[in-house]
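Consider the two complexes below, in which subunit A is the common component and subunit B and subunit C are the respective partners.
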Partner chain A sequence: MSLDYVKFSNGFEKFMPKEYRDMVEHGPFGKKVSVSQVGSFKEVLEEHPMCAGCAMTLFIRLAMVAFPNPEDTITVGTAGCGRLAISQAAIPFVYGNYGDQNGVASGLSRGLRLRFGDKPKDVVVMAGDGGTADIGFQQVLHSWFRKERFTTIMLDNEVYGNTGGQESGMTNRGAVLKMAPLGKKFEKMDMVQMAKVAGCAYVATVVPNNPRRVESVIKKAVLIAREVGSTYIQAYTSCNIEYAIPTDKVMEDAKTVENDRYQFTEYVSEEAKQYLTERYGYKEFLAKPAAAIPNKA
Partner chain B sequence: MSETEVKTNPQGDPITSVAAPKSTGKQDPHGEAKRQKIVTPEYMFLEAPRTKEFITGSEAAKEAIRRSNVDLAIAYPITPQSETMQLVGVLYGEGYVKEYYRGEEEVGVMAAIAGGSRAGVRCYTATAGPGTLRGLEGIASWPGHRLPVVAMFTCRVVNAPLAIQPDNIEVAYLLNCGMIVFHAENQQDMFDFTMAGFTISEKNDVTLPVGVCCDGFFVTHARGYVRMQDRGIKLPPREAWRGAVPVLDAENPPARLSRDAPVQKSNFMAYNIHAVWQQEVWAAVERSRKYINKYMGGLLTAENVDDAEAIIIASGSAAAQSREAVRLCKDKGLKVGLIKVRSLRPFPTKELRELCKNAKLIVVPEFNYVGWLAKEVATAIYGYSKAKIIGGPRVYGGQSMPVELIVDEVESGLTGKKSTNVAMSQVMGGSISQDEVAHFMRSI
Partner chain C sequence: MYLVADISVEICAAKSCKLCTQYCPEANTILYSDEMGKDQGFKYGSAYVAVDRCKGCAQCVWVCDNMAKNNAIKMIMIDQLPKAALTDNITYGEKSTTAVLASPVVG
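Showing the complex of A and B:
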């Protein structure tokens, strides 16, 4: 049982660092935690080297709180800002090569299924917009077409943040960035539509300023990926450095962008709806009862 | 050890069929695979009785996989490898390989192989030429990630111009990855090296990928006799839980390198950590020697070297041509020995120094332009032998190597006659006239 590895070996309790003891005694492993309880338990991700005011970090934190089974989750990433935080979490993280995260996750999830059968081992890919839509594009799309059973999350800050602010395929048309001195000349790639075309069972867009919603989409995506097929979440996680968003305005920006062009959308395949309802007791996909006929008496 | 030859029909034999067997009523299509018995590597490689079959290199690779308890195989077509991975697909249909799919292209395949190895299962793939170079970022990262894997490289020309013919230039790139690299001469080597590769790759003090190279077409598409153990036995499974490097299954605390992003902070400790990591990868390559000796009978084979006037050193298909050249030389009254290098990484440096200490002439024929083996040989024996080393003859771009070319080099080398096929710049050691070299360099 994987919970064993987060326990102390006998006699070592008092020698373990405080951080570790907190994780064993107050961490989320083997418990059900929710974003509304944040502050009352030890999160798997707390310390990280991300910039002050980084929305991406908030999103990653919330996502990790929302993992339905953190003790049996493995994250996969690639180059980019996100992995600087993801790699600091108390969850195993695979950092392979440039843009190979969905390929690695394909082999990893298949291998884990061979070894552990029905015991859920959740594989979650978290990579940036460049890693997902540019360099990793082919492996991302093919993993979806193959209906690989893991979750892909795009941390979309609409720029190559880690390398210093270059245009990506997810940058909006007209944005002036490094390598786009005259402004980006083509539209932001529609990865959401591509995910649907490629056959993802669950596709959602989300911003980080609604923790409950982040929790909801992550849980659904990870659960559906266990058995039904590929799932995709595209999260707007602004880069306050490259887009010069004042630190105290980051959430305001997220709200504005959400209202403007990053509305919450959610696509759930019929099979996935049935699966969530039957296996995990989701009520939201049940047929709505017909409105009661007003009593004429 | 009994050795009966099993007659096979190249066309009608199920070995050459690419379709999975059809289920016939009550018969379990995986029945035979399920009945396979696990034996120790020692029994498999050293004791098990073998029977001889006349099969292609691709079929030899398939038969090796059948007996290697492979969990995950990922295929992607490229000439001349395609047949190998499609035959492995047949094994998947028969239940000998547990999981199998056709990947998107080599970058994706090598990534997924890395993912599978991290999950703790035994993985296999194969590619060739441009596919090797396309997948090289991934392949070159396997040793650093300490991933046990076996990959086969059925060497072919690397573009441009486009060609699909045999040429083993891609080995030059693989030699510097930190992986273990074997070079198969024939179908038998393909069979033996592949199976031994899995066992060596997963040894705790090795924990490295193994690349099994062969010269495309010459080995993959041609038939040869292969002595094989009974198909009812297989190697023990990969036991990831006892591996030296924890796999990413959330059952063990993850390894530091897996957990953290690569050490990339610009400070002394970061440089030091990376340096130590590289040293450890290459130290692991060194530690594989004892297993290559044990399971494969040595990093090289030497024939008639002791009182030879000249020694031919070759690997892969060049070794097969050299063996014939040795026979022709014998007819001419020349005593010529043959050293066939099986393992390129680790390289048999110590063995070569010993075998070549009294040699007067060494000829290194190769199937590539750059002469990677000649450079390896010259580097290994520098200061340990006074032999004149002829880095050639070389053929490339799909050319075959007439054995007479090799014989010519032996004869001209022994008589001091100038070679017509090997440039002076490729002649090393011995009593080279520096004036001649200088003249050559000026005139090119």
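Showing the complex of A and C:
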């Protein structure tokens, strides 16, 4: 797909909003940027009211940099911390009622396909663990079973951080929180396995302490969701307030948790592998050349 | 008064790992300028902080000390800044950034 269409008609530049001009002239609209160039271009995300040192913000920031075509992306969110940052970006944001986000995104992605045909418009759902695994669980699973073509990203902070620290389905067993003083009695929900059972074409778990990996995961998920089917990313984004992590130790905690129980995993369906290889030139899924057979003679 | 991050241009321009720009949770806050280091005779450019946006979480300090092992970032009180970067005057990819930093408002 050509990126040439994002430019101003001659003489009309001054009538465009300043924010949009900034995005085209100094930002990622109409060109390709990568995480390694961050700091030398204007980012889609802007100032936001999230807590200082929040790992969720870092993940959202990296995700916004990683979107393959931010000018053609619409984000959908729901109640939770994440929406405070996601809504402060130069791309459209749709706010679903609590738990509705995947239903809204299903309709949105179908509507955009009707309206724009083969010109890709990416729909990305970013919601917390409560919105995805607890309250929005029904609509999330239904959108996956129906193979709706959009990306679902769970910002898993393992707690209801916005409302004072209640346990969520994604909280670990035994975790003691401000509003769950007896400790959680059940295991953490295995949403990754559920996504695979429901037929997602791409499923990955990731921790934001490796920005390039986050970028690669988001890019693959969004590209696959254009044509193949639902994609799901589960990201560990610690809540430094509810889990009392000093802000300068947030990345240390992410590293510990990654080594402990949040290893990077990636599942790509055969159809998605073929699609990425043929359409976008990914080389990592090509069959490796057969090892030379040792000559015994 | 409150703390903000301050990056030592001498150390940063010698290494230029750019890790802090990738790990800052705030958007458009730790920026990178090629001219800043090279104009002072260093090999690479340097990262610098738009202090108006810095929330003082010190995540960049941990990354610089433990991942990059450069120890180039320190948290200091905003009124103690040797050089102040004003967000309003920062324009991306233009030389004016360096000009603002060269004539600090504070200190």
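By definition in this document, the second predicted complex is superposed on the first by the 265 of 297 C-alpha atoms of A that agree within 3 Å, B and C clash if a C-alpha of one lies under 4 Å from a C-alpha of the other, contacts with A are read in each partner's own complex, and residues count from 1 in each chain.
Note that in this section a contact is a pair of C-beta atoms (placed from the backbone, for glycine too) under 8 Å apart; a residue touches a chain by one contact, two chains touch by 3 or more.
Because the structure is predicted, anything quoted here is derived from the model rather than measured.
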item	value
Partner chain(s) touched by A:L58 [first = subunit B, second = subunit C, both, neither]	second
First (subunit B), second (subunit C), both or neither touched by A:L45	second
Partner chain(s) touched by A:S36 [first = subunit B, second = subunit C, both, neither]	second
First (subunit B), second (subunit C), both or neither touched by A:T73	first
Touched partner set for A:F116, first subunit B, second subunit C, both or neither	first
Contacts of A:Y98 with subunit B and subunit C, given as first, second, both or neither	first
Partner chain(s) touched by A:K249 [first = subunit B, second = subunit C, both, neither]	second
Those residues of subunit A which subunit B touches in one complex and subunit C touches in the other	none
Subunit B-touching residues of subunit A, taken from the complex the two chains share	1-2, 4-5, 71-74, 76, 83-84, 87, 91-112, 114-116, 121, 138-139, 142, 146
Residues of subunit A touching subunit C in the complex	26, 35-36, 38-48, 50, 52-55, 57-58, 61-62, 64, 209, 211, 247-252
Interface residues, subunit C side, partner subunit A - complex	18, 21-28, 30-34, 47, 53, 55-59, 61-63, 66-67, 91-93
Partner subunit A, residues of subunit B touching it in the complex	71-72, 74, 98-99, 101, 103-105, 107-121, 123, 137-138, 141, 145, 240, 248-254, 258-262
